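One structure follows; several queries about it will come next.
Naming follows writing order (A, B and C), and every chain is counted from residue 1.
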Amino acid sequence: MTTETTTATPPVSALLAGKGRGIVDRFGDRALYVLTLAAALLSVAIVLGLAYKIVDEASSAFSTFGFGFLTSSDFDPVKGNFGAADFIYGTVVSSFGALLLATPISIAIALFLTELAPRSSRTAIGTLVELLAGIPSVILGLWGIIILGPFLNDHFEPILHAVLGWIPLFGGQYGLVGMFPAILILTIMTVPIVSSLTREIFATVPPTDKEGALALGATRWEMIKTVVLPYSRPGIVGAVILGLGRAVGEAIAVTQVIGNTAAIHSNIFLPADTLASKIANSYQGAATDLQISSLAYFAVILFVLSLIFNSVARLLVRSVESRSRSSG
Amino acid sequence: MESTRKPEHPLLAARSGNLRRRRAANRGMEISAWVAAVLAVGVLALVIASVAVKGIGSISLDFLTKNADPNALGSTGGIGNALVGTGILVGLATLMAVPVGILVAIYTNEFASARSRNTIRYFLDLLNGVPTIVTGIFIFGLLVAGHQQSGFAGSVALAVVMLPLVARSCQEVLALVPETTKEAGLALGASRWRTTVSVVVPTALSGMITGALLAVARALGETAPLLFVSSIFAPTLASDPSQPLPSVPVVIFQFSESPEPAKHDQAWAAALVLIAVVLLISIVARILSARMRRRLGAAR
Amino acid sequence: MISRKSILAVACCGVLAFGVAACGSSSDDSASGSSSSGGPLTGAGSTLLAPLMSKWQSDYSSRTGNTVTYGAIGSGGGIEQITAGTIDFGASDAPLTPDQQKAASDVLMVPWALSSTDPVYNVSGVDDGLHLDGATLAGIFLGDITTWNDPAIAKLNPGTDLPSTKITPVYRSDGSGDTYILTDYLSKVSSEWKSKVGVGTEVKFPTGVGGKGNDGVSAVLSKTDGAIAYVGAAYAQSNEFDQVAVENAAGNFEQPSLDTISAAAAAVKSVPSDNAASIVDPPKSATDAYPLASYTYALAPSNSDKADALQEFLTYAIGPGQSYGPDLLFAKLPSQILAADRATIKKIGG
């Protein structure tokens, strides 16, 4: 920590106003400003450049198919017809399925860490849950292919099929790859994200409200139900949406276990495919320029989705944070 | 802390059966919360244990030094070239992303108006949310199409993934530096840039290192950004970033798709090495961050 | 704070030192092998070729000191990347379509390997060598034939006990030369296939599960009872899959072998001007021919700035490199192809 002293001791305001400073200082200030501004502009430029590039690449597919691309289920490289419907279906089902499982688990974990866990172990357990987010997706995919897939196929899916097979969701065939292992893997990926964010949201609930409810004789669960959850609801929704964004964008682990089959089935045990997974599979080997452009169209859809999720989630999470700040 | 006081409200006192039900509901919630936490930790333990058990058998000095050849049938030797490749790719990406991230954070904390701060934060959040496969397409179109794949392009792709992480954590840490520290530097006659460089940044340094470490841990495991940009590599040790460089996650990905048990064994062993490094870095980062927060909290 | 800074500094130095050391060690191999006029090459494409290419890579490197980098991203990838100019040579089991020729106007095709794609299956209770003909194969992949004990299959295999297991067709989800070979064959033997699905490196399969690369397909096949797939001959051999005996035009049921593949190649004596010789579904006269044999083509730009290296590598591949073929079920290139190849290789570099 260096300090710079001038020969006299000018008043602080003069210092701050820049009077009495040498050329080096003024140059340094300017340089810092320019450098940091450049960095900030670079970050913005990267996002804009990315958006421009993928929209540009998707333009020929867009001009050929228009918005009908989103509802067309035909992905035929031979005939040159491409449509995203099968993959949008796969993306929607896999990520919503994952969030359906992940949301209650994440809320429960967040409750556990904020209300129930012994104080001493809170950071340790919280860290362990967050470490789950640190597992590279390719390793989760490898685990899914070799361990989870066969386990589900041999032990879990037969039971589910026998008990709930009358529901079309679980009817019919099952195999080693499919939508179901993908949903489970995506759940594993999104739980740490949603739970850590939810935990932060729970921490903003005013303790006085909580203590008030307890003082009135509420059980802990009732306190949570009547104070914590309603207060946090927009924030939780925001956290879930962020988790959704993660699930929607995951390409590698999904492409390893989902079976790479473009199809719309009601049975979640059958193989399927998602937008991100198809890009990972086919982008490098696409047969025609139109196919490449169609895959770029997929990327645009994913980008728009992540834009929407991010913006909505931001609004929701910010609203909770500002509310807590204002209510003190 | 369960409420054990007998309710004095006559309504509640009259319905003792209801109290039992309420207590049962409370117990149910507690059990579910415990189950969820155990489940999460259990899955983590399960995955790490699987990787450890399946991978440990194939780890050897040979494995770490011989090179990977995804084209050969059967076992291929090792991941030596992938380890070197990952080191170079992530190293270059860190050199690109960390300085830019720190500079962005300095800008938003020192120079930006509230409006531009929010805008930049918004764009960084957007960048963070972009699926990494889309980043891969972007960098492919930008740096690879028309030229060759290259380790450099791979590093740029990884840097794009790392940047929002570094920038955001640096922003948070810089914001934590007390105003008084800054003002003290300025009052002593130091210029703005001097104060920032010699006072503010060093105070926040461990937080920035934490942010950088977490970003590095993330980049080490990324496959999708490299898939189109640095995935065609030779079965030799390569370190020239103008050529495509192999990387551990891409090698794991390629081996995982194979039917051969020999390649699976190698994939598990590579996964063990990768997960050990990633977890180690994450844990170190968190310890550093906790220590720093304690220090800064005390200073306030 | 000082200790943390110095840790960071030491770590940086360590990374740099490691990098410099690695740089130093890898720059050695470019110095040796001064007898070669070429240089390093990067290629990508066919997974069918990959096992043979792996042998070429190490042998060529020890002969000339030049490194050949090859990414098995599928024939579709080979075509796309050579058109985009990101690689020095491509490898594809599928010849360029007219549209692709237009987009990659200077790319020459050099057949440098001869093998086949094999329908393979994994059905418990059924041994190796199940008899199938073109119509039945088409029916299976179209989804018309759904169980292994279907009468169409039973008719071709009298005396074999066929289980009622459901048939799961497994296909390549990426741009694949094996897909091209299979669909080329099916289009020739089934008009329904030709109109419904067609030929290509990537087609819309009416039913089944996808796998990425020969590897991915083999993986799904080995784990799914009742599955039928198509993989390159080297993969079928090394994974010891049960192979279909496909009925050829002469009425014989053949499995892929060096003899049956060579017989298919011998049936097509003339070589088209662009070297794209299709040898699937050989005529009746080729009595022992395997119906799903095919050449793999090197895709080399005629105006490449690595013309010398390309010529050297291609000459090696069709020459000494061929000796590695038979073990991996790559048959010898017939003489008319070799002649055409040599002429084409001369054209590289203008």
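Keep in mind that, in the parts below, contacts are C-beta pairs under 8 Å (C-beta built on N, C-alpha and C of every residue); 3 or more make two chains touch, one makes a residue touch a chain.
All values reported here derive from a predicted model rather than from experimental measurement.
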{"item": "Chains touching both chain A and chain C", "value": "B"}
{"item": "Winner on C-beta contact pairs when A-B is weighed against B-C", "value": "A-B"}
{"item": "Distance between the centres, which are taken as Cα means, of chain C and chain B, whole angstrom", "value": "38"}
{"item": "Approximate Å spacing (C-alpha centroids) for the pair chain A, chain B", "value": "14"}
{"item": "Junction residues of chain C - those touching two or more other chains", "value": "73, 211-212, 216, 219"}
{"item": "Shared-contact residues (touching 2 or more other chains) in chain B", "value": "202, 231, 257"}
{"item": "Overlap residues in chain A, where contacts from two or more other chains coincide", "value": "145, 284"}
{"item": "For the chain A and chain C complex, residues of the former touching the latter", "value": "74-79, 145, 149-150, 173, 175-177, 255, 259-262, 271, 273, 281-282, 284-289, 291-292"}
{"item": "Footprint of chain B on chain C - complex, ascending", "value": "1, 4-5, 8, 15, 18-19, 22-23, 25-26, 29, 42, 44, 50-51, 53-54, 57-58, 61, 67-73, 84-87, 211-213, 215-216, 218-219, 221-222, 234-235, 238-239, 328"}
{"item": "Residue numbers on chain C that touch chain A, as the complex places them", "value": "73-81, 97, 99-100, 103, 166, 168, 173-176, 197-204, 208-212, 216, 219-220, 223-224"}
{"item": "Touching residues on chain B, where the partner in the complex is chain A", "value": "1-3, 5, 7-9, 12, 22-23, 25-26, 28-30, 32-37, 39-41, 43-44, 47-48, 50-51, 54, 99-101, 103-104, 106-108, 110-112, 116, 119-120, 122-127, 129-135, 137-138, 140-142, 160, 163-164, 167, 185-194, 196-199, 202, 217-218, 220-224, 227-228, 231, 249, 252-253, 256-257, 264, 267-268, 271, 274-275, 278-279, 282-283, 286, 290"}
{"item": "Complex contacts: residues of chain B adjacent to chain C", "value": "69-74, 84, 87-88, 91, 144-149, 202, 205-206, 209, 231-240, 243-244, 254, 257-260, 263"}
